[in-house]
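The following pair of complexes shares a single chain, chain A, combined with chain B in the former and chain C in the latter.
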Partner chain A sequence: MARLGARSSARSKGVPSGSELFALSTLGLLAFFAVWYGVASSGWVPSRFLPGPVVIADTIARLSDHPYAGYTIEAHTVASLQRFGLGFGLAVVLGVPLGLLMGWYRWVDDVVAPLFESVRFIAPIAWVPFAALWFGTGIGGPILIIFSGAFPPCVINAYRGARQVDTVFVEAAQTLGAGGLRIITEVLVPAALPSIVAGLRVSAGLGWQSLIGAELIVVSSGVGYLMVQGQTSLQTPIVMSAMVAIGVVGFVIDVALRALESAVQRSWGVEP
Partner chain B sequence: MHDLKVSAPPAASTGRLRRFWFALAAIVPLLVLWYVLTAVTHTISLGRFPSPEDVFNAARQISRGKGYAGGTMTAQVWQSSKLVLMGFAVAVGTGAPLGLLMGWSRRAEALLNPAFLLVRPIPPLAWIPLAILWFGLGDGAKIFVIWFAAFVPALINSYTGVRNIDPTLVAAARVHGASRLQLVTQVLIPGSMPMIFTGLRLSMQASWTTLVAAELVGAIFGLGHVLIVASLDIYPGMILYAMVWVGIMGALMTKALALLERRAIPWRG
Partner chain C sequence: MFTNVKRTFRRRDQEVLALDDVSFEVGEKEFVAIVGPSGCGKTTLLRMAAGLDFPTSGSVRVGDREVSGPGPDRAVVFQQFALFPWKTVEENIGFGLRCRGMDADARSRIVASYVELMGLQGYERAYPQQLSGGMQQRVAIARSYALDPDVLLMDEPFGALDAQTRVVMQEELIKLCRVNPRTALFITHSVEEAVYLADRVVVLTRRPGRIREILDIASVRRREGWDTHDRIEEVMDLESFVHLRTRIWRLLRERQEDAAPAGIAVKSA
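Coming up: the complex of A and B.
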C-alpha cells in the first residue's frame, strides 16, 4: 500500500498532519499487540489455543537451539528455502522463455495457449498427489508443486511484456538486418524486462505459498512440516512460531524482488 | 490470456476459428498420445499415471451408489463449493468495506495499516494448522482460512479503487450538495467498482486454492479429501478425475464472476 504522498486524490476533507498519522500508526501497532496479549492472558481463551506474543518470542528462541521435528527452526527454514529456490528457478528458466516465444511467434501462442488454459485453473496444490507419486516426498515432489504455483505468472508476464513491445523497434532491428534470435535477445528481452520482473514477484509469492502447502501435506522437513508436527501434538506456540518464520521469509523474498523491480524500472525509465 | 480486442467482426470470427483449430491441433494429439502411451505401449506405468479407461472407471465409481471417500462426486463438489462461497462472502463483506474506509480516510489507514502489514506476509495456507487447532476438522476451520485468503485481495483492491477515483468527481459531488451517504453510494462505490471486481477475482482464486489445500491437510469430506484419499490408496485414475473437477470448478467460478462483473459495471463495456 504505497502512500501516494502529495498527489491529490479523492479523500475525506481535513488533511491530518504527518505527526498525527504517525501517532495513529503507532497506536494501531500497539493496539494490535495489546489486544493479542490481553486476550491471551485474560483467560477467556485457554492459553493452549492462543499463546501471547511473549510466549511466541520465547518459543522461537527455544526452537533455534533445541531441535523440534528433527531440526532447529533455522534448519527447517533453510530446507524450505532450498526447495523454494530450485522450484522457483526452474519456473523462471522455463516460464520466461516460453512466454517470450508465445508473445513473439503467433503459432507458439496458438498451440500452447489452449494447453496452458486447460490446466491453469487447477490449483497448484491439487498436484500434490501426483507430485508425491512421481517424484517422492523428498525434494522432487515439492519442487513440482512450487513450479506449478510459480510457472503461470512467469509465462503470462513475459508474454504480456513481449506483446507490448513497440513494433517500431522490431521493424528497425529487422531493417538493420537482425535475425530472429538477435531480435529476441536484443529487442524483446530488454523491452519486456520490466513486465518480466513484475511477474517474478507475483510468481515468488505464489511459489512460496505453494511450498508451504506441499510441506503441510507430504514433506518431512521444512517450516511447513514443523507446523504440522506442532499441530498434531497440539503445540499452538510451535505452530505460531513457524507462521512467524514463514511470514518473515515471505516478506524478505518480496522486499528483495521489489527492490529488483524498482531498480529495473528506474534504469529503464519506466514510471513505477 | 487473450485480451486482444479486435474491432472488425469478420476478423474476430476468423481469429476465433483459427484459435479453435489450433486448440484442437494441440489437444487432440496429446489425448491420442496419452491413450497410446498408457493403454497400448504401456510406456507409462499405470501405477504412475492412469489410462483414459482408468479415469472413466474412477468417474463411474464415484458417481454411483456410495461413491468414494464418503460420497458421490456431486456431493463432494457441492460441499467444497458451498464452503468457498461462504468464506468468500464473509471475506468480501468485511474486506471490501474496510478497504473503502482505509482508502477514504487517512486516519483509518494510519490506524489499521500496521496490523494489516504485520499479518499480510503470512500466506493463507500457513493458517491451516492453526485453523485446525482452533476449529477442528469441520467447516469452521475452512471458512476461517478462506476468509483470510480472500480478505487481503478484497481489501487491497477496494483501497486502490478509492485512491484512484478522480478527486474532481468528489469535489463536484460536494459542490452539488451530496450528503455523506450519497457520496459513498453514488461516487465512491461506483468509482472503485472496477478495482473491487479485480479484487474479487483474485479473492475467488485464492479462496479456491486455499480450500483445496485445507481439505488436503485435514477434512472428512470434499474435493480435497477425495484427492488425498485417492493419493493414499495410490489410485491415479481417481486423482486425475478429482483434479479435473478442481479445474472445472475453478474455471466456472472465475467465469461466473466475470459475468457478474459485466452486469455490475455495464459502462465498462
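Coming up: the complex of A and C.
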C-alpha cells in the first residue's frame, strides 16, 4: 500500500492532477465554443456554411422531439449503437481468441499472419461495395464494415499480450499442478489482459468511425444516415448535430474503455 | 537424486557444456544448498529437479521416479516470486490446492493456517504488488508449502530482497524447516546463507559446473550447538561457522582463478 502511495505522489510532481486536468479541458472547450460562436455570428461566413453553436443546440433539441429521416436523434443514435455493439462484439469474440492462439502457437501464427497482414490494410470503407452486394440494406452490411475496422486491433493486441506473458508464471502454474486448460484461463488470459483491453479501446474507436462511414451508404437509420439526409436537403445544422452525436458517443465509449483499461492496469500492477 | 547429469546448450552453433557429470543425492528431509559462481548451472540443476529442464545425459530422479515434467510433489520457490498479480494473496496460496480439486472449505482452512504461519494476517485480500518484496516471498513460500510437497526447490529465493529482509527471511525459513522439515534443494550464491541454512552444501565449479566438494554442515551444527542461537549474527560469529565459510570461499576462489582464462576464451568466442 505504501509503495503505491509513494508511486502516485511521485507522478503528481510532473503531471497535472485530476482537478487541474479538468480545469484545462474545460478551458479548451470554452475557448473552442467562443471562437466558433464568434466566427459564426460575425457574419464573415454564411450561416449555411457554418451554423453557430446556439443554432446547433436548438437543432439537437428539435431533433430529439421531432423525428427527422424517420426517427428522433436519440433513436438514430440507438440504432447506430446497436449495430456498433454487434460488429464490435463480433470482432472481440473472434479477434481476441485468434490473436491469443497466434501468440501461443507458432503454427497458427504462420498460417494466419500472411492473410491477416494483407487484409488488415484494406480500409473499412473499401468493404462498402461488398457489404451492399452481399447484404443489401440488411444489418449484415454495416456489421461487416464495423467488423473490418474493429477486428485487426483486437487480434494484434491479443497477440502481443500473449507473446509477452512471462514464462515464469506458466512454470509456476505447472509446478503447482495446473493443467493445460487452467493455465490458459487462469494464467495466460489474465496475463495478456492489459494488452487485450488496450486493444479493445483502439478497436472500439476504429469500429465506431467505420460505422459512420457505413451508415452514409448502406442503411436507412442511424446518425450517419441522419447526416446524409441532412446533407441532401442542405440542412447544415442537422449535419452538424449528427456530428456532435457521433463525437459525444465516441467520447463516451472511449472514456468507458479507458476506465476499464486503467482499472485492469491498476489491479495488475502495470504502470500505465 | 542426480546421477551423472550432463547438460549442454547450443549457443550460436556452438555446444556449450553447462553441467558435467554432476552426481549427488538429497536425503529424506535433508536441506541441501548448492553454491557456485554465476553461470555454473546451479539454477539448471534445480530446474531439472522441478521438471522444467532436462539433462542431456544422465538422470534426475525424485523418489524412485525419473523426473518427466513439473508436478505439485516438487514445489518451486522462484527468485522473482512468480506470484500471479491478478490473484489475491489468498488466491495465490490456494491456487495449487484448487488445481488438486480440493473443495473451498478445506482449502480456506489450509490457506488460513499458512497465512498465520507466515505472518500474513490482514493481507489475505491484498494483491501481491501491494506488498513488499519480503512479504511477497512469504506468500510464495506459503503457496509452495500449502501443497505439502515431498520436495521443496528454492532458486535464490532471497536474492531479490534487501539485506535486512533477507536476514529475517533466513531466520524464518530455518524455523519453518525445524517445525516442518522437508527435503529441500536450495540454490544461492551467498556462502553465508548456504552454511546457515543447509545440512549439506554442494560447491560447484565455474562453467562447466562440476561438483568441487560436498560439505557436511549438519554434524558441525549439532556438535557446536548452532540451533541454541536464535539470531543469525550470533551463529555467524561462531568459530565453527567462520571456519566453514572460509573453506567454501577458498574452494570457490581456487576454481575461479584456475578457470578464469578459459572463461574469457568462451566469452570472446
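Keep this in mind: the second predicted complex is superposed on the first by the 233 of 272 C-alpha atoms of A that agree within 3 Å, B and C clash if a C-alpha of one lies under 4 Å from a C-alpha of the other, contacts with A are read in each partner's own complex, and residues count from 1 in each chain.
Just so it is clear, contacts are C-beta pairs under 8 Å (C-beta built on N, C-alpha and C of every residue); 3 or more make two chains touch, one makes a residue touch a chain.
Quick caveat, the model's predicted, so the values are computed rather than measured.
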item	value
Partner chain(s) touched by A:E117 [first = chain B, second = chain C, both, neither]	first
First (chain B), second (chain C), both or neither touched by A:F169	second
Touched partner set for A:R182, first chain B, second chain C, both or neither	second
Greater chain A contact set [chain C / chain B]	B
First (chain B), second (chain C), both or neither touched by A:I139	neither
Partner chain in contact with A:L90 - chain B first, chain C second, else both or neither	neither
Contacts of A:W268 with chain B and chain C, given as first, second, both or neither	second
Chain B versus chain C as contact partner of A:L193, first or second or both or neither	second
Common interface positions of chain A, toward chain B and toward chain C	1, 4
Chain C-touching residues of chain A, taken from the complex the two chains share	1, 3-4, 168-169, 171-179, 182, 186-187, 190-191, 193, 267-269
Residues of chain C that touch chain A when the two form their complex	50-52, 69-72, 74-76, 78, 80, 82-87, 95-96, 99-100, 126-130, 132, 143, 147
Residue numbers on chain B that touch chain A, as the complex places them	1-2, 18-19, 22-23, 25-27, 30, 47-49, 104-107, 109-119, 121-130, 132-134, 156, 159, 162-167, 169-170, 187-188, 191, 208-209, 212-213, 216-217, 224, 227-228, 230-231, 234, 236, 239-240, 242-243, 246-248, 250-251, 254
In the complex with chain B, residue positions of chain A that touch it	1, 4, 8-12, 15-16, 20-22, 24-29, 31-32, 49, 107, 110-119, 121-130, 132-134, 156, 159, 205, 208-210, 212-213, 216-217, 224, 227-228, 230-231, 234, 236, 239-240, 242-244, 246-248, 250-251, 254
